[in-house]
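Before anything else, here is the set of structures, which you'll find just below.
Both complexes below contain chain A, partnered by chain B and then by chain C.
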Partner chain A sequence: METTIFYIISAIILVFSVLTVTTTKILRAAVYLLFTLVATAAFYFMMEYNFLAAVQLTVYAGGIVVLIIFSILLTHQINLDLKKINSIKKITSGLVSLFGFILIGNIIYTHTFKATSSVIADTSVNEIGRTLLNYGDGGYILPFEVISVLLLAAMIGAIIIAKKK
Partner chain B sequence: MIEGIEIQHIILVSSLMFFIGVYGFMTRKNLITMLMAIELMLNAVNINFVAFNKYLHPENMQGHFYSLFIIAIAAAEAAVAIAIIINLYRNLHSIDVEDVNNMKH
Partner chain C sequence: MDITNFLIMKQELLLTLITLFILVSEIFVSDKRRIIPIAIVLFGIHTLFGFLYNSYGSIFGGMYQNSELVNLMKNILNLGVFIVLLQSSTWLLKEENENKISEFFILTFSTLIGMNFMISSGDFLMFYLGLELATIPMAALVAYNTYDKKSSESGLKLIMSAAFSSAVMLFGISLIYGQFGTLYFSELLSADMTSPLLILAFLMFISGLSFKISLVPFHFWTADVYEGAPTNVTSYLSVISKGAAVFIFNILLFTVFRNIVDVWSDVLYVLAILTMTIGNLFAIRQTNIKRFLAFSSVAQAGFILLGLLGTNELGMATVIYFILIYIFSNLAAFGVVSSIENNSGKLNIEDYNGLYHTNPNMSLLMMLSLFSLAGIPPLAGFFGKFFLFTAAAQNGYYWLIFIAVINATISLYYYLIVVKAMFINKNDSPIEKISNNWYMKTSYIICLIGLIVIGFYSDIFEYINQISIGI
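Right after this comes the complex of A and B.
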């Protein structure tokens, strides 16, 4: 059962990723990207990282895609047909990507992955919150605070850049 | 861990997704679609982190937290990138990378 669901989700991810980078309508590309991100959240649900899946759905699917669609609307390109790219560029980019994939795939299949332990960590929201704000061993308080400063800086920067002169 | 699925399969899916993103980044000329390709790549990396965490080191959650931070950084990056794109559109009435050569020299 789970195997079947995994392959269905993988197929959804791959098909919609390809459509995202090949479709000629820009708004459609944004919607296909949304499908890819939701399918990724399904992966996280299958691996029982429920909090991460919820973050993926709210921040990626709910935030970034809406932001991208807004920017498409603000730049008056709803019905824009993207320019055709010449086939030489298509072929060279395709070859580079294919070469990279073959390289990585080769490494994946020759390397043996070994699990270090069979103890499964507690992934409840309670435990995640404790670890994020823990300043002892294995805590993540420093990156957490740095991210908050980064988000503030990005917000101010975005306002200053986008505001009318 | 997903029942009956090897880690190699998940990594293969995510690396395919990453290279689809690379292909999109190289072929697209519109800035917004290039941003979408970058989001695809970031997403593929996130899947990798989570899969390695779940399959190889299930006793701790470093991959999980890295993915969380990557998602936060991706949000900040998208916000700034879109502010720049809107500003460019206001000045040049185009968001094609080939028209954006003001700061080239």
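Right after this comes the complex of A and C.
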């Protein structure tokens, strides 16, 4: 049962990811992306990462896709048809991707991963919160703070690009 | 955690404070132009502090580490950024940029914070975050000239190709994590990395970093972005950003990937030959001085790989030493180019014809910096290249050195083209006499001192070599 669901979700992610990058309508691309993100959240639910799944749904599916659609609407690009790519480019990039896929797939398939014996980590919200703000071993307070600098810088960067003069 | 532990990461903390200070002072300062001296003085103090009150160790469970060597790398970057800030004053004082002066400093300092965190990282998570912090605001800096279509275009090019290379690198990191279940460098030190999967992971990782250092064949973004970006941002990209990436590359190869030295020396061997040769061949063809310097910096990166192929402490020391020299040489050249661009708008090598008759001092400085880049004794660049070759010779890479020497000769040819244009070629309407402001003059003097002194004052190399042993 679980394996079947896994394959169904994977198929959804794969199909919609490909559609996202191949469609010529920009709004459709955003909607296909939404499906991909929702299906990823389904993965997290399957692995019982409930908090991560909720974050995935609210932040990515709820927030980011809405932002993307907003910016498409605001810039009046909704009817924009992207240019069709010529077939030589299509064939060469297809061949390169196929080669990469076979190479990486083959290496991963033949590799024997060690099964871990350690206990599955506690993924309750309590524990996540504690790890996120822990400064000791295995804590994530430093990345957490550095991301805030990154967000501030990205915001200022967006401002100077948008500034008229 | 003891509060004095924060002294270990004082460089990043101080920089963050300065950034926030500038952010707030923008509200209170009525004349935005006054932010330039404030920022430069504050950063000067920060640069000085980098040499004082140092303490080393690792905090945050090993996610952040600082050692004498890492601190030296940060100091080298600080020096370079200080020169870049001095040189960008003319450009910032232009009318069209008046309204966004403080943003330039905030973004520059943010990227520097990112580079510092990247060099100091103790695990792949912090490394990746630092890398992104050094890249995303950089795209905004590249697109800073919003009135210039080329600038916006190159900003977009940078962020798209950076996102792609980050994705490849993350795939590699995720494979390493999948195998060992840890991201900490210290726990990966003794890890067995010889299986095909991990070599694939390493190759993906190296591709991502090569993009940052713009090694061939990951260099396609370089010329376009360097040409479109404002010249001072270009110098920042080509010197500081590249230097930081080389530093962390250096550290990672000698720590985490130490066990697969046979693999990575083969990879670097091929990359070095490709980078030197293709960078040089393209540099000859350029007529735009910024594109010319872009390809010359690609070729220089190829020489840096020679030092890494030394695969020991000496190799590491030569690379750091070379970056120190490279900062002064390249920034001197970019300083002259930016000064000419901001005063006359000219960017073609042809426009430099007869520059010596109108601007003798700038021509002389440009000549010295180009000679240093080419590696002509007695300038510092000669010693830098010489030590890199020595490091590679230790491991018997004689053919590689032979190719490198040929490439150094080719590079001398195209550097001499510019020198010839400035000194020998006649021009009926040469660039008029440019009077530089004090910031610019100071930066020239610092570069000049660096170009001459670093080569002769051997204690610098001795010191770097001595502290490299600890890594």
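Throughout what follows, the second predicted complex is superposed on the first by the 163 of 165 C-alpha atoms of A that agree within 3 Å, B and C clash if a C-alpha of one lies under 4 Å from a C-alpha of the other, contacts with A are read in each partner's own complex, and residues count from 1 in each chain.
The criterion applied here is as follows: contacts are C-beta pairs under 8 Å (C-beta built on N, C-alpha and C of every residue); 3 or more make two chains touch, one makes a residue touch a chain.
On a predicted model such as this, the values are computed, not experimentally measured, just so you know.
For A:N50, using the defined touch cut-off, is the partner it touches chain B, chain C, both, or neither? Pick first, second, both or neither.
Neither partner.
Classify the contacts of A:I13 with the two partner chains as first (chain B alone), second (chain C alone), both, or neither.
first
When the two structures are overlaid on chain A, which partner does A:F113 contact: first (chain B), second (chain C), both, or neither?
Touch partners of A:F113: chain B and chain C.
Please indicate which partner A:T3 is in contact with in the superposed arrangement: first for chain B, second for chain C, both, or neither.
first
Touch check for A:G138: first (chain B), second (chain C), both, or neither?
Both: A:G138 reaches chain B and chain C.
Is A:I104 touching the first partner chain B, the second partner chain C, both, or neither of them?
Touch status of A:I104: both partners.
Specify the partner with more touching residues on chain A, choosing between chain B and chain C.
Partner with more touched residues of chain A: B.
In the superposed arrangement, which partner chain does A:I161 touch: chain B (first), chain C (second), both, or neither?
Once the two structures are laid over each other on A, A:I161 reaches both partners.
Classify the contacts of A:L150 with the two partner chains as first (chain B alone), second (chain C alone), both, or neither.
both
So chain A touches chain B in one structure and chain C in the other; where do those two contact lists coincide?
104, 108, 113-114, 116, 118, 138, 140, 143, 147, 150, 153-154, 157-159, 161, 164
Which residues of chain B touch chain A in their complex?
Residues of chain B touching chain A: 1-5, 7-13, 15-17, 19-24, 26-30, 32-33, 35-37, 39-40, 43, 46-47, 50-51, 54-61, 64-65, 67-69, 71-80, 82-87, 89-90, 95-96.
Quick one: in the complex, what on chain A touches chain C?
Counting only chain A, the residues touching chain C are 103-104, 107-108, 110-111, 113-114, 116, 118, 135-143, 146-147, 149-150, 152-154, 156-161, 163-165.
What residues of chain A sit close enough to touch chain B in their complex?
That would be residues 1-3, 6, 10, 13-14, 17-18, 20-22, 26, 29-30, 33, 36-37, 40, 43-44, 46-49, 52, 55-56, 59-60, 63-64, 67-68, 70-72, 74-75, 77, 82-83, 85, 89-90, 92-94, 96-98, 100-101, 104-105, 108-109, 113-121, 123, 128, 131-132, 138, 140, 143, 147, 150-151, 153-155, 157-159, 161-162, 164 of chain A.
Would you mind writing out the residues of chain C in touch with chain A in their complex?
1, 16, 19, 23, 59-64, 96, 99-100, 103, 106-107, 110-111, 113-114, 117, 125-126, 129-130, 132-133, 136-137, 139-141, 143-144, 146-147, 152, 155, 178-179, 181, 195-197, 200
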